[in-house]
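Structures incoming, each one as structure tokens.
Two complexes, one shared chain (chain A), two partners (chain B, chain C).
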Partner chain A sequence: MNSTIYKRKFPLIIFLVPAFLFMAVFLYYPFIMNIINSISNISDLGAPANGMNQPWYQNYIRMFEDPLMATAVKNTLILMGATIVFQVGTALLLALLVDRIRKGSQFFRTVYFFPIVISATALGLLFNLVFLYNGGMLNQLRAAFGAAQYIDWKGEAHFMFTMLAPVMWQYVGFYFVIIVTGLNNISTEVYEAAELDGACCLKRVRYITLPLLRNVLCTCLVLAVTGALKVFDLPWVMMGAGIPMDKSWLTGTYMYNQTFLRHDVDYSSAIAIVIVVLGVVISKIANTVFKEKDY
Partner chain B sequence: MKKAISLLLAALMCVLFLSGCQGATITPENPQETQPAEPQKPADNEPEKGPVEIMVVTSYGGDDGNRANYEAAFRAYEAASGNIVKDASATSNEEWKARVMTDFQTGSEPDVLFYFNGVDSNALIEGGKVVSIDEIRAEYPEYASNMKDGMLGASPVDGKNYSVPVNGYWEGLYVNLKVLKDCGVAVPGPDYTWEQFLADCETIKSKGYTPIACSLQEVPHYWFEFCIYNHGSAANHGQLPETSSDEVGQKWAAGLNDIKTLYEKGYFPVNTLTATDPETFQLMADNQAAFAIDGSWKIGWFQANAADINDFTVVFVPGMGDRAATDIIGGLSMGYYITRKAWDDPVKREACVEFVMAMTTDEVVSTFGATAVTALKNGTTPPAETDALINAALAMTKGATGVVGAVQDSLNPNARGEMFSQIKNIVTGAVTAEEVIDSVLAIK
Partner chain C sequence: MKFENFDSRSKWKISRIMAYSVLAVWAFTTVYPFFWVIINSFRVRGEIRSDSFSIPWPWTDSFTLDNYTTAFERSDIFNAYANSLVISACVTLTVVILAGFAAYGMVRYRFKAQKLLYSVVIASMMFPVFSTIIPVFRMEFAWGIANTGKVPLSLLSVILPQIAGNLSFSIIVLMGFIRSLPVELEESAFLDGCSIFKIYFKIVLPVAKPSFATIAIFTFLWSYNDLFTQMFFLRYRDEHTVTMLLNEISSQAGVNYGLMAAAVVLVVVPVLIVYVCLQKNIIKGMTAGAIKG
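And now, the complex of A and B:
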């Protein structure tokens, strides 16, 4: 029966057409237009292109000379690294701990997953209150413990922590749930056998849990790396236009700023192209490095 | 047969899917080529039409001081006309401007728009997206007849009037009287000088208060405007420099360096380079800061956030050189536009005209008070219910000896954005004022 269905390709094609059209209109067409825009001379948002740039690759040269673009790419790569270590790492640690407890594991799953369902904008506003200079939660706590001066959490000394901490915190629950599901799929018999052989807790994690979780972790890492490229809303709400002193730009926030605040449409289109290229290259590398294995 | 049905279903799905995309218009390369459709006038025997729904976008959103007045006015219009106003107003900022422009580009513009009449609206005029007042008056001669044509705010593109203004705006120095009293500093008067201001700031700082509430990283606009104004006069403030080294350029550089001096003296909040505008303004409400420059639209914020409105007043910004403190920034920078799309819609045309006329009557404009700057032929009537801040604003605008528009409005959005994003670098010495002026002027 299956073979009959898959031999007749025509109905499948018919039902794939609308989805393909959707992708063509809302993804491929805008992408092609974006490439054209990146080499065109567009004076303002809403204004028609006034011919091609001279030379046509002018925006791409400018990007290499733009120190803020370099900052944005550097910060995005730092965010990516932090995502691997703190999001997936913390999620793994929490999952291993929750997996060990018998009572209340459901409670912890809900608690850790909860930040995912809150909108990033709301979280941004919430963390703005936490890191606020005058009357913010952290500064008030420090004052309660006798600190004489407030800390400017968005200042040059602390901005990276202030920007990354909420992003890390928000997505830990997502990877936590995936890893917990992976842990549930590991047979208890394997652990029992290891216990009989005298393996202690850490050895069981090292020699049983981690190897058997490899594919799940690889999936998490690929998702984390590619997801880091798309982080925009939380940093934008918290750090706005590169606070402090243009040091906190990410590729996404910088592109948005160039488009909607500076109205530099052609340059921001070129940045968008670079983001796509960066995404494709990094996804390919991530897929190669974190390649899943068949056991 | 099955194939035919499958094909039919797929075609139907495609049609349904693509039908959502219709209605978008493309910005014409040459607006002259776009022939507006002739509106169809209703026949005498045509049955009476139901209420018309019009989409209106204004900047009377958020904490705008005139939000309540705007709402009352359009509700009164709804009640009188039976029409429905779909209000999509928001607070005016660069993102709001971008959204308005994007709406026009994608063909989802509103029917009536309250927007800037300077260079910000050039794309709308050049694209033929809004209707001129002359064209409207050809059919509705009474349109904007209560306004002085010379003050409507002609477009820089062709010198024609397109928008009908409501209330004029002004920019002034908001003062926290409680902080000043605690510091033993007198309330600035009309002859307040920059030197006196610097001395007062020093006194206020020595008492542990923040002299100036301002986020230099986000909204340095007002200090930029007045610091430059202080090196010129009402007669030449509107001039743009050609380079940083010409006379106007040097004036701009001197003004920017004044901001740097204020920063170096520690008169701005400690976190002025990382704080947002609401954060720094909160210092005013919390009685921690003494001065802030902002516009007439900020009155609503004080009314909503001040524990006691009598603790606040608004006065002239300190003057220097040829600029007297009583020379203010102000004017009629915004007005109601009727979009071409609504004008060409026979159902909406009259409703939009009636709406704009209803929103710009002498009575309605007078409720938007707190300013004596108006285009009304008969002038405004002072509002019946006022508070100390509104009274101070009325007194200030009545006492103004010179009113000029903000020179920053003559810069294109990209150049303006570059200027304001670089002020933090100027005050910290990362770049010089001259370098920034030249880089801004290079942006065409």
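And now, the complex of A and C:
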């Protein structure tokens, strides 16, 4: 619509300039600077650049040779896969179940969503207590059922589970709410028609619900991929400096570590660029594989 | 459904019961950890590691308030609450004002760069904070805001990037809402002699209140919970926020697990209260933004 009262363009400047100025100064300019930083030689956070790196792509070569970076990328990809399978998968299962019941769906929605509003730092501490070696919740529970030995949840055998489970757990409710909203948009007539054709239960899910949910699931997938790259707080609080033995780094935590503990500003800028590139490439792939369709 | 025989009806019933039990199990996993940490924050030292599942009733020996007194003694928790509140309130207020303006302008006006600006908003949601934070720090350091050791300036150095980080989400949510408002109301107000700004404040703002509430809640929670930006900019003790304090207590507490539990409760309870009061707005706003984004 183009109302006549909005023909005079002067107020528009006042409406738009402040917000876009903020975005230009604090998002776009830093983003471009970050690309430049990644090829420059910077000794400390506050220090100016001492010219370019020789050769300029030095940091990117170094990244390929850095075994810890390889670990970080590998773990982040695992996190991404786990997010898609377990987070979106659990959310889908729960949403399909909630769709079948009449009473209490509002209650489940509220309860499932709750962990998302809690700070990941608090959740990290909470799960530190849950996974504690000597008398944590899980080990106490195991002892109560007669297990003779405590499990070292942050040891080499279990650290992946310990790191991933809380992240998965926290965001299930988010995808749950999105999928439930999508399910509510499917008209009951479709189901009634299916019932007349004799489609029941699992068949109904497989041939009607899932295809109609395709676009919603596609959104979830892209959110899951980009979300996995942004994960920082929970692993940082729980796993600290890559315990055990530098095995649990994620791209985000590794970058923070390079900036503050190693003061290697240009290298961590390069890592940040890789994080963005990974996000764009993988969400593009996800988008083409599960291309949105109009029905 | 008259074709139904007894067999399929009982089958339906069983599947309903199964649905409820699976849903209940997941609900249990989301609620119980919080319940567990709350009861253990009141438990005497030492018992947490041997007997953490029983409830420490106030009349038994297991009950104690020591963990809370220690938390208040060891750290300046009120100062941290104040810092968190100042940061989150400033960020929320600015985001609500600026995002409201921008969304209104983007929806109601037609201009050349409109499509481009819209993509600018969408694209900025893709930047992870990792990719901008170092240059922002260097820029603010050059301006003399960051890393000065002065509390107000340090808080400002966190507030500014957090505003920018929250704008795009808020603009998108608000645009969706303002677009659905009938423009006739604004036209008639214009005929009555209202200026555009008066129309915005007297008509658009009051009508769009629910969605403003949603973005305000979200921005506030996001800013309150954002450990990464806070850790980057706030280095000194008197600048600490609640989230950072929590992070610090956890590294100092050692084996004092009761103290850790109490610290978690102190951070979670304000959010819990806000959530229970406002959960409808929160869930609606979050999914609306996510789907459109």
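What we mean here is this: the second predicted complex is superposed on the first by the 275 of 295 C-alpha atoms of A that agree within 3 Å, B and C clash if a C-alpha of one lies under 4 Å from a C-alpha of the other, contacts with A are read in each partner's own complex, and residues count from 1 in each chain.
Heads up, the rule we're going with is that contacts are C-beta pairs under 8 Å (C-beta built on N, C-alpha and C of every residue); 3 or more make two chains touch, one makes a residue touch a chain.
The structure displayed is predicted, hence computed values, not measured ones.
Annotation: superposed three-chain arrangement on chain A; chain B versus chain C shows a clash. In the superposed model, A:I14 lies in contact with both chain B and chain C. Once chain A of one complex is fitted onto chain A of the other, the partner contacts of A:F113 are limited to chain C, with no touch recorded for chain B. By the document's definition of touching, of the two partners only chain B reaches A:H263; chain C does not. By the touch criterion defined above, A:L132 lies against chain B and chain C together after alignment on the C-alpha atoms of chain A. Legend: residue contacts after superposition of the two complexes on their common chain; A:V25 is shown touching both chain B and chain C.
In the superposition on chain A, no contact is made by A:F161 with either chain B or chain C.
More residues of chain A lie in contact with C than with the other chain of the pair chain B and chain C.
Touch criterion met: A:F232 reaches chain C, while chain B stays clear of it. In the superposition on chain A, A:Y57 makes contact with neither chain B nor chain C. Comparing 4-12, 40-48 or 148-156 from chain C against chain B in the aligned model shows that the clashing stretch is 148-156. Chain A residues 11, 14-15, 18, 22, 25, 45-46, 132, 134, 259 lie at the interface with chain B in one structure and with chain C in the other.
Against chain A, in their complex, chain C makes its touches with residues 15-16, 19-20, 22-23, 26-27, 29-31, 33-34, 36-37, 40, 48-50, 52-53, 98-99, 101-102, 104-106, 108-111, 117, 120-121, 124, 126-139, 141, 147, 160-161, 163-165, 167-168, 171, 183, 186-187, 190, 196-197, 199, 221, 224-225, 227-228, 231, 243, 246-247, 250, 257, 260-261, 263-264, 267-268, 271-272, 274-275, 279, 282-283, 286-287, 290-291. Residues of chain A that touch chain C in their complex: 1-6, 8-9, 11-12, 14-16, 18-20, 22-23, 25-31, 33-34, 37, 45-46, 90, 93-94, 97-98, 100-101, 104, 107-122, 124-130, 132, 134-137, 140, 144, 169, 172-174, 177-178, 181, 201, 216, 219, 223, 226, 229-230, 232-233, 236-237, 251-252, 255-256, 259, 265, 268-269, 271-273, 275-276, 279-280.
Residues 3, 6-7, 9-10, 13-14, 17-18, 21, 27-29, 94-95, 98-99, 101-102, 104-105, 122-123, 126-127, 217-218, 270-271, 273-276, 279, 282-283, 286, 288, 412-414, 417-418, 421, 424-425, 428, 430, 444 of chain B are the ones touching chain A in the complex. Looking at the complex, you find that chain A touches chain B at residues 10-11, 14-15, 17-18, 21-22, 25, 43-48, 132-134, 150, 152, 154-155, 159, 240-241, 243-246, 259-264.
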